[in-house]
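Look at the two complexes coming up: chain A is in both, with chain B in one and chain C in the other.
Take a look at the complex of A and B:
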């Protein structure tokens, strides 16, 4: 893997501080928040940081609680599988968080869909809460002395800071890991267009009439070829020399395995093309391991009847989580769950270049999509007897 | 796109929904014959319906089929709908999707439905699906595409039926409802009552925001006159406007501070001596 640092794993149960802004909900994770000072010859890519446990280069998923669950972030070169909830609302939200984080960190994006046009997903990206995200606008010039009136009325006490630009320099955005987003607003077009985005919309590549007659599923191989071509052309695959600065490619694949990809895995109990998606995931992981990219794949697992196949798919991805929303199910009326929108299950966490995995402490996790945060926490702890509260101290 | 999912092959006439509005409706008949479908409908209604007979020869065994199952692809359907040459896009009613799913693979059917939805040829697609005729995965895949899903099952008492409606909006919000209805002889649908699920939701009362400044022995609020007085207060270091502008826009000759953060600023509070090993 890329960039190994020899670190001794710390077994201290040190208290956890959250990175960036403090949030009310924290996890007890068995690691420190200590950030190793990078004086060595590591390449520094904005929006990434080395992991404390095993030295992998991590990127943020866009959801800080999910970063904690996955051991600090998503390692570059790995795949995160999200098993969709029944109506594909929250899994789509996490995919949008992932892509929005890529825009804010100036990474490149690759979005592949079969159902909606990739542009629709890109237009729905949530707006980042900007204190210190560099916005590519020209710096506000100080107002000419001809019109002092309006600018001075703006601030009465802190008037000396009026003319400073509201945006800090680019240095701040690269040192920050994990941002917060406001779901009620969409990202402004100028921020979004500053990021380079590659699109793959299946109906543009495969005419369905030809697909219906073929014995194999052609869509996945077309997707893999397109992704390989983008990685090679844009220089993510380390084949090009280090002349230009490196960047990360974030790959978002929406609803793989559904019938719209031409795959009958979700339709039949014993699918004929059961190996199409597993072969694709194998090829995808090989492609990602040899390049500076990270992938998030959503899958409508509630339609797959073959549990063995689902197990295969989980094994072939590095990280795997499953979402189950309460909407429409009888759990909606359960008083324990009334504050939450659904349950989250961590199916798999990888161990990359080390022997131990960082599994989350609690198995029962519930999530809630608030306007400014996607929180994941354990409902038992939250409902809080004093006994639990004392233990947290 | 609406999909009616029926359990136990409950017979329901689809035309009731579309005929009520003044729209052009194309009906693809696979399950029942044209005459049987028109039984009981008023002639004024049947004029607006364009029924395409796919019942008599759906697989093209005779030399001249009207519409076959293999023709359930975008081009042929678009041509079919254009035949009436109306300015507004029409509504397409498919009776039934189950029939088509037996002769075409579910992925192909799903892709055609998705293309119909994305293209502008039809405004809405209403499809009938008999859920007990297919595997769960097939039913799930087709229903996953639908923006509205109505599941109909026979009710407790004689002529009643229970309908569960699920609607998905573009923004991702999902609405679910359950209703009991019955159909009269002249095909009017009367909704009898909403099922008991709806009552659960009213139980969740909103908590009132506790106002911390309410029952105190001292007063934390400001009256209007006090607010005015507060705003009129002159603060120290508030200069006149001329002095402010002079300070804000420094003329030539005043220095600027340029600072690049250096190694001494890299101060980690948890590791002040910079000697901890990871």
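Take a look at the complex of A and C:
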């Protein structure tokens, strides 16, 4: 089990970095999430692991194939932007995976919505598939190894491990990075309620009459303020001393930019508040870089007419993907895509604390939501059909 | 500092042209690796650097600079580097608290029409600053350099294109003409060059205006033939010199690949992945 939070370029990458960071001559700047913590006790946060490439602290998005695309996971202190598919089905699903992963890893959640109540999203979280049994099984008496295998439980290859006691608790597997979920079932209430969740439901904060006449979009400022309060109050700020155990705050922002947030970006070609969302994203980046949090933002990009604005928004987020589902389009019946539910585009990968980005191998990716897995792969290169494809060339 | 880029541009930390405005621009790509090059270049050249880091946090620049062999914290302690961290300052304006003093330089966040005057005054004070005072044991630094990463963030935050052009003009008059120092700015564009889309008019106008003002333009783009994992893009180097009476423009095209500790540049088609 790893014990340091080595959130910056680690020792393996830059051998000189420890020289400048001794407590004696360290310049007193406000730390960001990527500052190596030299003075503190080295503790590990469950559900995180350092990146292999540059030592940044990563959390899982809840979807293992998406973690792989993003270079191992979502770096703490960054934002993942998901451009919603037309009916907001799969982007909402990924948001739910993200929050469910937070529950399983015992992270804290912050959910902000303008449309549905945050509790509705929380009640729809998929149930985690835990390979350990919830009910404790009695330890069997040791079986002689030569006995014929008549029970299904007996191991035939790893017989040396037959007599080890079975693990009892359901959530002990939270030490693993990335879990699998069964989308046909919802998470049980007691697992969900064990996680601390902060909610921001826009109608509770803004009265409609005041928002309509203001020159600025007040909802984003209220959201930013609420997020800062939670970060400060619950101790996710990097500036607070490391006396108690640290945790990660997972921020899920649903459908930002839609008209329900008071933004007219999706309604007009030349929006009046064209810069409200970009200013918010800038403030969000500032908040996240200085705290132990990670955010997933979904955005109905198909409603935005201004492509340049979309480019600005993408640049202000660190990771960005776009989903396009086949539902209702002519691609649904296209034989090439019959095994998939939609296309996934990687719009941006981050390069934080290093010069080079980890670019994906393939840019044409498709996804499929199966009951127990959300797979993302390149449609032409599935392992079984590679040989056939090569023969056709 | 990328040694190959130094040989392309025919400069070195010991000898470089003064009074230059270098524009780094990109189109649907990311040219910020060049900003890191120039930052480490001018720090090694013992210049007094004012860096407006608007896009990323200080730790990001510090980590990358360490890989390139310069330490930003040491430079700040010695007084060689003045670092303006946009992300940190913006929170004091976006989320004002009663006892916190609002950052003056970012007051355009509160009210975009007010323009970038306060930001310019910040640049003024750091570039001119203690130049005339002789402190005890203070080291003498070389010419002042202003680096901005990047101007397009200002556009995203609601500042008018005219205000950004004015700001760059004022900075150029101060840094390049008056102080005989250098200035490097990064501008990012989104759309295709031939698109008549008036959505991105702002950054196109800004790019055109700055390209006209600059002495050296490094324009980074993706490969015209599509995405390639081994070659990250192409860079066009455009010098504007005056030879005699006539202005003379010289262009060169290179392809590049960004590594962990630098970037390599090569002529078209000579990438190691191809040969």
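FYI, the second predicted complex is superposed on the first by the 298 of 393 C-alpha atoms of A that agree within 3 Å, B and C clash if a C-alpha of one lies under 4 Å from a C-alpha of the other, contacts with A are read in each partner's own complex, and residues count from 1 in each chain.
Just so we're on the same page, a residue touches a chain if its C-beta (ideal position, glycine included) is under 8 Å from a C-beta of that chain, and two chains touch if they have at least 3 such contacts.
It should be emphasised that the depicted structure is a prediction, and the values quoted were computed from it without experimental measurement.
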- Query: Touching A:286 in the superposition: chain B (first), chain C (second), both, neither?
  - Reply: second
- May I ask you to decide whether A:336 touches chain B, chain C, both, or neither, giving the answer as first, second, both or neither? neither
- Task: Would you check which partner chain A:221 touches, where first means chain B only, second means chain C only, and both and neither mean what they say?
- Result: second
- Item | Touched partner set for A:194, first chain B, second chain C, both or neither | neither
- Message: Quick check for you: in the superposed arrangement, does A:258 touch first (chain B), second (chain C), both or neither?
- Response: first
- Message: I'd like to know which partner A:239 touches here: chain B for first, chain C for second, both or neither.
- Response: neither
- Message: A:316 in the overlay: touching chain B, chain C, both, or neither? Say first, second, both or neither.
- Response: second
- Query: Who does A:355 touch here: chain B (first), chain C (second), both, or neither?
  - Reply: second
- Query: Does chain B (first) or chain C (second) touch A:300, or do both, or does neither?
  - Reply: first
- Query: Can you list the residues of chain A that touch chain B in one structure and chain C in the other?
  - Reply: 8, 34-35, 305
- So, in the complex, the side of chain C touching chain A is made of residues 30, 33, 36, 56-60, 63-64, 66-67, 71, 73-74, 76-77, 85, 87-88, 90-91, 94-95, 109, 112, 152-153, 155-158, 188, 190-191, 197, 199-200, 202-203, 227, 229, 232, 258-263
- Can you list the residues on chain A that touch chain B in the complex? 7-8, 10, 33-37, 52, 87-89, 92-93, 115, 142, 145, 148-149, 151-152, 156-157, 159-160, 162-163, 171, 203, 208-209, 211-212, 258-264, 266-269, 300, 302-305, 327-328, 333, 338
- Query: Touching chain A in the complex: which residues of chain B?
  - Reply: 73-74, 104-108, 110-112, 114-115, 135-138, 140-142, 144-145, 166, 168, 172-174, 176, 200, 204, 235, 238, 241, 244-245, 247-249, 261, 266, 268, 270-271, 274, 276-278
- Item | Interfacial residue positions of chain A with respect to chain C in the complex | 8-9, 13-14, 16-17, 20, 25-27, 29-32, 34-35, 221, 224-225, 228, 274-275, 278-279, 282-283, 285-287, 289-290, 305-309, 311-312, 315-316, 351-357, 359, 361, 363
